[in-house]
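Dropping a structure here in structure tokens format, bear with me for questions.
Naming follows writing order (A, B, C and D), and every chain is counted from residue 1.
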């Protein structure tokens, strides 16, 4: 199970690193190469986003990657084929991330069955709160996959507990209000938020939205279990090409 | 968060977690207002002193004669302040914003109509205001941008996606997840996550309430049919709500664009091209491909050029309470032209869709019958689009001369 | 022809002989209608079902707070069908045309507002319609030309004289002397030969009647002052008529253009530049030279850009019943901008003249006092003029792009 | 008196000819030359129009001449000086024609006194019905000048009599509805109209609006006493220059 895996790893490392990529961006070949470098440079788990035309929770960088990938012909089928391939090829957990319509149109049961068969570990669906996700939750359960839920600074404590009761693997804590890819000011205010998160669940905590460099990672050590890097790698690829990824990740440690 | 706002499977609230608390607050404030008899009174009062409610119902005598069938009446939402039914919704939400103590409003806009309405409400109530508008719409509806800026609103051009209404909605959500503390998102139609479909329909129901009373006073009988155009569905819901419990046939008219076969339309409930999906926070019929990616839509009327549709209308379609039809761009221009010439009324291109279907059916109905068409807005704001739709050479000449004057 | 319609020496009917019989008929029909209690009822009914009367009176709370003086109320003629008070007059005259059994109407237009209103009335009543419009105005108000043509009217560009409103009036008279048998000339303001000043004021008095009642209902007291812009004088006469017998100060605001010293204005009653004369069939103050030749006038607002003024207002000036002031183009743009931002109201450039003076005086009055401003029309029709008045660079860019699109 | 003069002339000629010009059009020099040719070629009396900026009863040709004359600097003073000169120089009656504002602004009494002193015979003021003209009428009377009134096809018989009671010299009968300078179809309908005119007054009748060529003149013989040529000479001057006037007038006889 994902939780066990993460806890084991946490005995070896002070903080784990999860990276996020948009499948098919800039191309599927590049996606493969990026994943390869990431795994090689010590990433602990990865979030693979199936692009969607209306990614309302994503900021401009990831939004743009979604659109580009789609306009280059990415389909759900290609994303599944690709994900299955990388799950086979690399020995870290892979999560699928997408908006609920992608699952819904595919058929939630079929989608989840396919995930399971493809060797994926869990899923993040940012526009699916548990209230709307009965179907999703039961299927994920059946296939022993981890549904990752999200905490945000606006989430009341009671709701954190409620969300945690459905979550598996870890909780994805959003560092601040807003969308992905905007600078976060990791102030001390974060502490009280993370304290609440910690108290509400015994799942490991991941922190996303705005992690960009080594100093962020260092700052988060001891506070959370997993740091998430999303938009920053896409920015890097746009600026310096796929080859720059490995160095960037290695430097974070 | 208990009531998820479902209409037999349509609707719901598919929200990023960060917005859940904001929606809880909104729902609470809305429910309180709805159950407070003073609130509707306050709302009706502001609509009658700031806008011009009740808007009249006009007997279209010349059109009636022309079509030799049912008596045609027109509900005149074009006479609202800012020129369309959008005012009803924004003023209502404005009152809620005051109750929530928020100080900033944001909105998406397609035709620009809802943007102008929101900016107007913000000016009136003293809120800060940001309007998101797709780049395509900014280009075709520039006069509305001009007015929004004069009204003190910031207009943000959205260059993502198809760069029209749906993309503006996405951007507005992105703003909201950042600024929900002081900001309310004034959604412009009966779509989006619960409670928006219900709330927008509630405010727009003032149309149907008035219209039912007015027709009964004038004719002492109910209309046989009521026609409304359907973009997101707010003006349709607004007028239909007055007649839901009556033996009145309700007809929603969508944008048929270049024709239902062409793929270039925005017909979600009257074509085979749409399917149920979940996007922008709610479940309804969307024009999407098999992967669930939203498709390009097309309409001569920017306000109808949208991939989704009110979940309440989706439900009313499935339960056969409302019939849905489509009108093509060409039919729309013809109906608009006829309405202007015969009655001196200038419906918005959006509203003209409802006229198309009413004109098709009027001749088939007996003379004793009454039909009621919702003129959701006035067309004179959209002169650039309308002049292009009419392909008026003098207009082009005028614009060329004006450009030369500016270049000089 | 006995009653020559004089107001202490102003007014009269200086008619080419060929029109005398036509005016006799018009006067007779008008007098009959005026004395028929059914007629006003019929008129009020059509104004409430075809337009949106009574138009509301809106409390401008933000402006009141801003100026820290009298409470500012706004009479909302902008909410009329076709967007201005002009509708009141044309619908009234339309009813008279029906009574006379004529089948064609003609009109002059400056801003285009009265032309659109007349063309609308003609469409509604099924009359043929020709509109005369000066070439300068055709250029600056082209959207209105577009709508008049859509409404089925023929728009004739007048290339004589100064090619603005007064020249359009001359041309309309030339048409009328040829076609009076089947044609009525729908004069657009409270000017021209008797009975026009009286007749137009009579129809426009619906504004003042309503406003007086509305203010009393809301505030249980009369306004201290009432402000209206003055072109020909019809909206001013309309609102003033409601308060003539009350202890209410009435203020008419003329177009000060580039300033009263500049010679480039249209201030007839508030400047020293005008003198009594006779033209276009009536006697009043005209902006003319010593030989009696009419001068060029100027205003940012096409609807105020006129050499003459209602003889009834000239009389009310001489008897000190109405005070006259002028607002410059610049003051007008500022007042318009402020009104839009503070209240979400978009007055026409014409109407904004009244706001200028109200804003000057509001701070000098005690908080208990009420002042009432007549918003004679909405400004969003005049986007081309307004955008130029605001010198908006984005607008220019938009027009240039549009022209390029047309050239492609 | 004008009436006597006309009646005397009518003993010599079957029909008299009145021409109309706009003073200062194309220039005062040209106006003089035109008058000279007209008198030489047998015109019996002339109407001199002082240009006005708002000539509502005039059609496009005369309107245009009014505007041109004004824009070339014509003033009321210049027109008076000029009229006085021609009244002295030529031995036919001259009438002033203008709109009422020109008289009004000058001062009606001063204007009429000046006319009298300048040797002018009468005036035509098309926008001044007798009801509005008390002042004008008494001054004209005092100076023994002829106020010319206008009949139109829409004028009822009673009003013709009323108008005739104020008129002196002759009555100006407008041939048809409309403004100056448009073709008139001299049909037999004209007969009944002229019959009414004749019965309502014993003043000579002039007929204007649309007289253009010899055949029109011939048609009018026996029907009216004076034919009026207005726009046609202006058109001619515009097309062929001042020199063409003499031939044109001679040909009409």
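One rule holds for everything that comes next: a residue touches a chain if its C-beta (ideal position, glycine included) is under 8 Å from a C-beta of that chain, and two chains touch if they have at least 3 such contacts.
What you see is a predicted model, and the numbers here were worked out from it, not measured in a lab.
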| item | value |
| --- | --- |
| Chain centre separation (chain C, chain D; CA means) in Å | 37 |
| Interchain centroid distance [CA atoms averaged], chain B/chain C, Å | 33 |
| Distance between chain centroids, defined by C-alpha means - chain B, chain D (Å) | 65 |
| Touch-based graph of the chains, sorted into line, ring, star, complete or other | line |
| Chains that touch, pairwise | A-B, B-C, C-D |
| Footprint of chain C on chain B - complex, ascending | 48-52, 55-59, 62, 76, 79, 81, 83, 119-124, 126, 139, 142-143, 145-147, 149-152, 337, 340-344, 346, 380-381, 383-384, 387, 390, 392, 394-396, 398-404, 406-407 |
| Contact set on chain C toward chain D in their complex | 1, 4, 12-22, 160-161, 166, 170, 173-174, 177-181, 275, 277-281, 286, 288, 290-294 |
| Interfacial residue positions of chain A with respect to chain B in the complex | 52-57, 59-60, 63-64, 67, 70, 75-76, 99-102, 104-106, 126-129, 131-132, 149-156, 159, 163, 174, 177-179, 182 |
